[in-house]
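The same chain A turns up in both complexes below, where it pairs with chain B and then with chain C.
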Partner chain A sequence: MSTTISRPPARGSRRRRSSTTDRGFNRVFRWIAVGAGATILAVLAAVALFLISEAWPAIMASPEELASGVPRYPEDTSLLGYLGPLVYGTILAAVLALVIAVPVSMGIALFISHYAPRRLSQLLGALVDLLAAIPSVIYGLWGFFTLAPVLTPFWLWLNDNLGWFPFWGGQASPTGRSMATVGIVLAIMILPIITAVSREVFLQTPRLHEEAALALGATRWEVVRTAVLPFGRSGVISASMLGLGRALGETMAVLMILSPGFTYSLDILAAGQHQTIAAYIAADFPESTGLGVNTLIAAGLALFVITLAVNMAARWVVARRKDFSGAN
Partner chain B sequence: MERLVNLSRFTRAGSAVAVGVLALSLAACGSDPEPADATGDETTEASESGDDMEGGLSGTLSGGGASSQEAAMNAWRAGFQQANPEATVNYDPVGSGGGRTGFGDGSYAFAGSDAALDDEELAAAEAQCGEGGVIEFPGYVSPVAVAFNLEGVDSLNMSPETIANVFLGEITTWDDEAIAADNPDADLPSTAITVVHRSDESGTTENFEDYLYSAAGDVWTTEPSGVWPVDGQESAQGTSGVVGAAQAGEGTITYADASQIADLGTVAVGVGGDFVEYSAEAAAEVVAQSPRTEGTSEYVYTIELERDIEGTYPIVLVSYSLACTTYADENTAELVKGFLGYLASEEGQQAAADAAGSAPLSDTIRQAVLPGIESISVG
Partner chain C sequence: MAQRIDTKDLNIYYSSFLAVEAVNMTIEPKSVTALIGPSGCGKSTFLRTLNRMHEVIPGARVEGHVEMDGVDLYGPNVDPVAVRKNVGMVFQRPNPFPTMSIRDNVLAGVKLNNKRISKSDADDLVESSLHGANLWNEVKDRLDRPGSGLSGGQQQRLCIARAIAIKPQVLLMDEPCSALDPISTIAIEDLIGELKNDYTIVIVTHNMQQAARVSDRTGFFNIAGTGKPGKLIEMDDTATIFSSPAEKATEDYVSGRFG
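And now, the complex of A and B:
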C-alpha cells in the first residue's frame, strides 16, 4: 500500500487544452449538440408519460367497467386478456413479414454488393431505396385492390391441399384479406430498409478477407459464406430489427388489408382471426370516447413496450457479437 | 491508414442508417390516419357575427355531430354558401354523441345526430335554447342496402329472418332452401356465403343490427350496438372497405350505404309478406309513414321507426337535425334560420340526395317542421 499514486500529468494539460479550444462557436455547437441529444430523451419520456397517464384509467378499471365502457369488450375479461390477442396478432404479423423479408433482402443485398455488374448494382440500389419512399397507404391500396385478389387462388389452393400444415388450416378467406396477405405486404414494405443496411454492411467486408478466401481456392459462394456473411452478421441482425420495428408499428396497410378478429389462431389464411395493435387503434379511435380511448391508449402502451423490448434485444444481440464479428 | 478506413466505413454505415431512418420517417408520415375533417380547427370557434350585407346572409355558423351526415352536409354547405357568398357554415363530424353534447352545452349552434335526444339531453338542450325551444327533425334519411356479389344474380328476395340467418352464419350457401324458397326463378349456385361486415364501430352497423333485431327478433337476439357481434367473419374498414371486399370475393354479402354499393346486387327485403327493392322513394316512405313520437314539444318531430310497413323500404338510417328556436345573437339566429330552411327545402333535400344518396324528406314532415324553422329568432 506504500505505492505512491502518481497523478497523471495529462490531466492538467487536457484541461488547459479544453479551456483554450472550447470557445466561440465551438462552445455554442457543443451546447446545440447536447440539446439535440437531450431532446431525444425528453420526447421519449414525454411519450412514455403520456401513454402511462392516459392508459391508467383503463388499467385500473374493473372488467365490468371496461365491458360497459368499451365497444367490443367481452364480458369477464381482464385488460391483459383483452389485449393479449392484439399483442399476438402484432407479433405474428411482424414475424411473418420478417421471415419472408430477411432471406429475400439478404439475397438482394448480396447480389448488389457481390454479384451484379457495377452499373446494375447502382441502379438496383437506387430502386430499392425508392421502394422505401412509397407511403404505406399506397401499399395498403395496392394490397387491397390488387395483391389480395391475385393471391386468393394461391391461398385457397394451399388451404385445400396443404391444410394439414398448422398455418394453412381453417376456412381460407375467399377475398384474400388475411394475415398471410398482410405478411407479404409488410415484407415488401420492410424489404428496402433491410436491404439498404445489409448492402452497406456487406460492402464493407475487408477486401483482404475476401482475397484471402479466393487465394485459398474458394468459389464465389464460399467467399460469401466464409468472409462476407460472418462479417455482416451483426449488421444484418440490426437491419432486421429496424425492419421489425417498422412492421410492428405499421398501421395503414394492415388497416386496409386485414379482416380483423381477436383470437390466438394460427390460421393465417382465414379471415377475422387476427388484428394488430396499431390497426386496432386507428380503426376504433374515431368513434371512441372516455374509457374506450383509455383502452386504446393502453394498447398503444403495450405496443410501445414491445417495440422497446425488440430494440433492446437487438442492441444486446449486436453488442454481444461485436467482439468477434470483425465489424469493429 | 487504418483510421482512414475506419472513418470511411463509419460514414457509409452512417448513410445506410440514414437511409433506414428516412424510410422509417416516411413510413410514419404515411401511416397517420387522415384527420376526420380539414375544417375541424375552425369549428371550435364560437359563431361570430360578420358584417351585415344587404341581401344574403353573412357570418360564420358552426355546428357538428353525426359523421353520417357529412356528405350531405357538404352539399348543403356548398348550396347555402353559393346563395349567401358572405356566409360560412362549418360542420365538425365528431359523431352523434359529440354533436348532442356540443348542442346541449351551446358550443354548436346546430347539430346532427343519428339518435333522437333522450330526456336528459333534451333537458340540457332546453336549458340552452329555452323551454320548448328545441327544433328536431329527420333531416337526413339514408337507406342501407343489403348488397351481394354473386355471378349472374342481380337481385334476390330475402325475408328478415333469412337475412338474419345469413349474417349470423347459419345459412352458409347461396342455394340454401330458405333463399331458394323466396326466389323460385333465380338460378342459385352452391357458392359459400361470405359475410363482410364493418370492422370499425359504425352507425350503419348499429342501424342494420337494429333492423334485424326489430324485424327478426326471434333469430337476431343481440342488442344493437355499433360493433358487429358475430366473431370470425370477414370485415373491412369503412363503407368503401366493405364494398371493395365484397367486390373482391365471390359469394360475398354485406350491408352498406345504398348510394355506395356500385355494381353489387341488392336484396329486395321482405316487408309484411311482400318484397321491396331498395329505392329512395320507398325509403322516404317508411319515414313518412312511421308515427311521430307522442308527447314531444311542438317543433320536435322525432319518429318511432316502424320496420314493417307494407311497400316501404325498412332499412334506413334516420339522422336528426337539431337547432334552437331562439339564439342570443341575431346574426346566428338568421344564419341558422336560413341554413335549416335550405336544408329542409325540396332543393336542399335534392342536393343531399344527389351528393349522398339520401332519401328526400316527405312533404308531411316538411310542413310540420317549417313553421319551427320560420320562428327562429333572437331571444
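And now, the complex of A and C:
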C-alpha cells in the first residue's frame, strides 16, 4: 500500500552526479553549498565543545567548592539544584510568551492574508515587520517604565479576585516587575517573527484547495479551517519555534524588567520568584571569576540543551503526520 | 434531485472588462450539457457564475440573471454559500484536501456549517458517495489514508464523491479530465453517464470527442479576438452540433478547421 503513496525522495538518497558533468560554475557552486552546510555543523560543534569544556570544572566541582567559589551560591546545593530554578524560569517565561503570542500572531497573519483589503494588509504587514526592528533594550525600557505600571492595577485585581487560580496567587508585585509582565513583553517581541512567517505560509495555500472548500459551500472561516490552517500547520509550528527560540534566549528585556529570584514558584504575579538563564548570565558575568564563570557557562549549556530539545520536539511533531502534510 | 438552469442576458465582468457577453442558455435537468470552445472564450468563467465561484476573484461581477428552477441565484437575499451547497463543482486538477484522509475528504462538505453527523450515518454516506463515484472498491480498505496518496484519476473521482456527498442539484465540471490519462478519463466519462440519472451536469471540455461522447446538449462559445468578450455562438443537441450546426463558426471549430 505504501508504494502508492508518493513521497519526496529522502535527503540522503540524492546521489552525487558523476564528476564529468561538473564544469565551470557548477563545481564552484557545489563547493559553496557544501561549505555553507558544513559551516553550520562546525559552528554548532564548536559552540557545544566550548560550552562543555568550559562548564566542566563547575560540573565536576563539589557543593563546598561551588559555595566558596561562586558569589551568592547557597550552602549544600548541587549544581543541578542551583540551575534547576533557572531552567524552570526560562521555560516558564518562554511558554508564557508563546501562549500569548501564537494565537495573536495567527489572528494577525490570517487577517493580513485572508480578511483584510489588500492595501490595509500591506500596511499591517509592514507595521508588524517594523515591530521586529525594535531593539530588545528598548522593549526592556518600555516594559519597565510604561507597561509594568499600566499592567500593575490589572495584576493586583487578578491577585485579589482570582487569587485561587494557581498562577495568580502569592503576593502580587506592586511594581509589576513580575514574570507576568515579562511574559507579555516577550510575547510582543516574538510576535513579529511568528506573524511574518505564518502570514507567508498562509499566503502559500494552494488556490485549488481554497476553491475546493468554497465550492462545497464553505464560509470564509471554514475555508481557513479546512484548507488554510491544515496546510499552514507545520509552517506555524516552525514559526512558533523561531519565536520560542528568541523568547528562551532573550536577555535584556528580562534583565531590565524582572525582579529576580530562585524558586520553583507558580506565582507569576509576584516579584522575586523567577529568573531566566540568559538574564542570570548577563547579570552575574561582570562580577564572576574562576569557578563563577564556569557556573555561568554551565547555565549556558543548559540553555543550549533546552533549545536543542525544543527544536527536536518540534521536528518530531511536524514529521509525525508527514503523510498528511500536503507535501506529497 | 436535479434542477434546470436558465441564464438570461448574462454579462460577466472582471472589473470593467466584459469577459462574457449576453448568454441566454437553458440547461435541462438530468442531462449532460457540454460547453466547448477555444481557450479564453469564457467557458470556464461562465461555468463559475453558475455557482457564484467567480465572485472570489476581486472585481468579478455579473449583470443579468441566472435562475435555478425560477429562483435567481443573484437575488438580493441569496447567500452564495447556500448556492454552492446546491451546485457542486469538480475542478480541472484533482484537489482533495491533502491533510485529510479519504474518508474525511468525502465528509468535508457535510461537516461544514457545524453540522453534526452520527458515525453510522457518516459511514453510510462515505460508502454511498464513493460507490456513486465508482471508487469504493478501490479505496474501501484504506479510508484512513491520505487522499493525496491516490492516483490522479482516483483523486478526481474522490473529488466527485466529495461533491455528491452534499447532495447538490447540479454538478459543474471544469475540464475534469484534462489532467488525467486516457484510462482514468474513460472512468470519469462512464461515471458522468451514470451521474446524469440524478444530477444536472454541466461540463466544460477542450476535448470535442469527449463532448460528443458524454453530452446530450452542447454549447459552443467563441471569441472574436483578444480583448473582445466571449459569446455563446450556438447551442443545440450534441448530435446536431457535431453533424449539421447552424453556424459556420461552429462547423469550422468542430471539424478542426480552427481552434
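Criterion: the second predicted complex is superposed on the first by the 305 of 328 C-alpha atoms of A that agree within 3 Å, B and C clash if a C-alpha of one lies under 4 Å from a C-alpha of the other, contacts with A are read in each partner's own complex, and residues count from 1 in each chain.
Convention: a contact is a pair of C-beta atoms (placed from the backbone, for glycine too) under 8 Å apart; a residue touches a chain by one contact, two chains touch by 3 or more.
In this text the structure is predicted, and so the values were computed from the model without any measurement.
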Chain A as common anchor, with chain B and chain C clashing or fitting: fit
Chain B versus chain C as contact partner of A:121, first or second or both or neither: neither
Chain B or chain C, by number of chain A residues touched: B
Touching partner for A:283 - first (chain B), second (chain C), both, neither: first
Touching partner for A:307 - first (chain B), second (chain C), both, neither: neither
Touched partner set for A:77, first chain B, second chain C, both or neither: neither
Partner chain in contact with A:215 - chain B first, chain C second, else both or neither: second
Minimum Cα separation, chain C to chain B, after superposition on A (Å): 10
Residue ranges of chain A in contact with chain B within the complex: 71-72, 129, 132-133, 135-138, 144-145, 148-149, 152, 173-177, 189, 192-193, 196-197, 199-201, 203-204, 235, 239, 242, 245-246, 249-253, 255-256, 259-263, 270-273, 278, 282-289
Residues of chain B that touch chain A when the two form their complex: 9, 12-13, 15-17, 19-20, 22-24, 26-33, 36, 67, 95, 97-98, 192, 194, 196, 199-202, 225-227, 231-237, 241, 244-245, 248-252
Contact set on chain C toward chain A in their complex: 51, 53, 56, 58, 81-82, 84-85, 88-89, 91, 93, 95-101, 108-109, 112-113, 142, 145-146, 148-151, 159, 162-163, 166
Contacting residues of chain A [partner chain C, same complex]: 1, 4-6, 118, 206, 208-219, 222, 226-227, 230-231, 233, 321, 323-326, 328
